[in-house]
Amino acid sequence: MSTVALVEESAAPAEVAAIYADIRATFGLPVVPAMFRAMAHHPAYLKASWERVKVVMGPGLIARKTKEMIAVAVSAANGCDYCVQAHTAALRSMGSQDAEIVELMAVVDLFSGFNKMLDGLQVAADIGTARHQ
Amino acid sequence: MSTVALVEESAAPAEVAAIYADIRATFGLPVVPAMFRAMAHHPAYLKASWERVKVVMGPGLIARKTKEMIAVAVSAANGCDYCVQAHTAALRSMGSQDAEIVELMAVVDLFSGFNKMLDGLQVAADIGTARHQ
Amino acid sequence: MSTVALVEESAAPAEVAAIYADIRATFGLPVVPAMFRAMAHHPAYLKASWERVKVVMGPGLIARKTKEMIAVAVSAANGCDYCVQAHTAALRSMGSQDAEIVELMAVVDLFSGFNKMLDGLQVAADIGTARHQ
Amino acid sequence: MSTVALVEESAAPAEVAAIYADIRATFGLPVVPAMFRAMAHHPAYLKASWERVKVVMGPGLIARKTKEMIAVAVSAANGCDYCVQAHTAALRSMGSQDAEIVELMAVVDLFSGFNKMLDGLQVAADIGTARHQ
Amino acid sequence: MSTVALVEESAAPAEVAAIYADIRATFGLPVVPAMFRAMAHHPAYLKASWERVKVVMGPGLIARKTKEMIAVAVSAANGCDYCVQAHTAALRSMGSQDAEIVELMAVVDLFSGFNKMLDGLQVAADIGTARHQ
Amino acid sequence: MSTVALVEESAAPAEVAAIYADIRATFGLPVVPAMFRAMAHHPAYLKASWERVKVVMGPGLIARKTKEMIAVAVSAANGCDYCVQAHTAALRSMGSQDAEIVELMAVVDLFSGFNKMLDGLQVAADIGTARHQ
């Protein structure tokens, strides 16, 4: 139940329908994820976002499965149920099973705890973790 | 270095000066904390916020020192350096030493980690943690 | 509905079953909370986490009830429904009633608001809130 | 001091230099903001992100100055110093003065406090705040 | 389903009933929003918070509709379902339709992404985004 | 500059000194990171946390370098400067260069934006992203 109606595929204007077709083809999905159908009320935003998804999740120095793990970890840290579920499903489609998902969350647990504790103690960075500029 | 100028005590209009005097008297401070001097650009907001501080931090069912611990814990979880430092100083003025501050942060660490891990695994609440309504 | 199956007590390997028994005994609970049954897919993580729970929530300079209040406050700040419900239930078992829980949340409200406002105004810490090192 | 070197304008490859020129021209700035010089290590990401900035911040149903206010408010809620400073400077260039900036932060304060308190009390949405789908 | 019982209008003590009446009259609502009925377990906190709502959301330099947009944006950044729904409903009552709500969220999306990326790259503020004090 | 003094190696009690030695040996570091020297005011917490670090970051189904990437991504999402710098340094020691670090942050950017936008539009999970239990 979103706060906006979803733009259904059957009712999408041509420019949106073309993006929908690309999304379905790229992911091999029978339907366009609800997220994109909500974004479609602003077609230029949908288009620019979808182009960026392809760039960011596309081939590069980091493996696709690692990117999906980062997607789940970041979505857990930010508390987004939709993204956690969508990208956990993506991980499963790449072979992840329960033990690997829990191992991933153990890392999220460890550092989320340390992150907040360190903010609370205001510990300054160690010498040797040098930064540029 | 704030993004707005601070309204100094010497330049404060009468209604702000009266609040400043109450803040200094209530906390026994020689100067008004910078936070309130920034808020003073919107006198009605400063006034309503200060009244609320007195109500929330004033006598009730929870001891003042416990409220200061919660202030530090919440500020650590939200990542606010100003509040962490101000309320850690308040805790120290009530007798807290390093070991107690680290024990407090251990609790923040433990639950911040579990919070994000549970968001990432989408574990539903246990039966028995009943809610009203 | 979690993204991983829960490791039920009847199906737990011996090392997990021993931890489950300790959890039930320590908390006086008839069943192991779902959180631990999800973590059990990574037994060494479950074990190390449970040992740490006992240390962090065990006797020290800060009273157990205060630690439970901090647990609820931090979980509210981080937005974790599971932990909010579990530790509000713990507070109730220690005698907290509605008025105390709302008084606790008033502190969370006050400082979460100030935290974000101060991040938005970039107000620097007051002189006198000295830090070590 | 960033964790990566910034790609300076004098050393930028052609595709990056073209984006840099467009950024400077669009914002009327003498130098490219550091953020984009950091992103330039991944030229396709820089390009897709810059295209999206133009779409999202460009003409639409919401006035540009309102969008800058939202940028500051969101950056305060997320705790990003860089963005708070950059977009407060943008607001000032559009005529905002201290009183308006503090009025904006009062709204951030009010709702950030209520947001966390409501997460902590698990209050369900009121009937009448209907959602689609 | 909140963790505390709501203080219903029929059972409210006089000081709470007076605030309830003011809330209903101010917003033109048939019932008091659940949030305030939860806060009513701490009447002084309810009263101080309601006074502050009127100050912060009342007339000033920023239009009421812009303040509602900021309320939705901040509540999205902080992840509060209750507030997102309540203030999206308020926006709709002021004429916002799906396209405007998605345009608003596009700004939240853009800056929330940049906020976290910049925290991750530790990019220092540009010279020229001067701050006071 | 932390809010607590750091427990220096020369002044550490025996049980802390033993952990310090293990930390230095495990990471091959000439000095114990400041984080652990702050935690040492609560030796049992330091010990339980260090045991857990070894379990979570130790061998398993996910490669160590991937875990370091997740550490940086989570720390960026949570806004912890100390952890961002420490684990970016760890990534560099494993061969990561600027382009890879920016590619990692592009993923953090993408999903942090979507996370908050989806919270703001309250889009429900797609059918097919099935969950257990």
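Chains: A, B, C, D, E and F, in written order; residue numbering restarts at 1 for each.
To be clear about the criterion, a contact is a pair of C-beta atoms (placed from the backbone, for glycine too) under 8 Å apart; a residue touches a chain by one contact, two chains touch by 3 or more.
All of these numbers come straight from a predicted model, not from anything done at the bench.
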item	value
Chain labels contacting subunit C and also subunit E	A, B, D, F
Chain located farthest away, centre of subunit F as origin (C-alpha)	E
Proportion of interface numbers common to subunit A and subunit C (over half same, under half different)	different
Length of the line joining the C-alpha centres of subunit B and subunit D, rounded to whole Å	27
Rounded Å distance, subunit C centre to subunit F centre (Cα mean)	19
Residues of subunit B whose C-beta touches two or more other chains	1-5, 38-39, 42, 45, 49, 52, 55-56, 60, 73-75, 77-81, 84-85, 88, 99, 101-104, 106, 108-112, 114-117, 119-122, 124, 131, 133
Graph class of chain-chain contacts, one of line, ring, star, complete, other	complete
Subunit F - residues contacting subunit E, complex	72-73, 75-77, 79, 81, 84-85, 101-102, 104-106, 108-117, 119-122
Subunit A residues touching subunit E - in the complex, by the definition given at the top	3-5, 38-39, 41-42, 45, 49, 74, 78-80, 131, 133
Contact set on subunit E toward subunit B in their complex	1-6, 42, 44-45, 47-49, 51-52, 55-56, 60, 131-133
Residues of subunit B touching subunit C in the complex	1-4, 31, 33-35, 38-39, 52-53, 55-57, 60-62, 66-67, 69-71, 73-75, 77-83, 85-89, 99-100, 103-104, 106-112, 114-126, 128-131
Complex interface listing, subunit C residues touching subunit E	79, 84-85, 88, 98-99, 101-103, 106, 109, 116, 122, 124
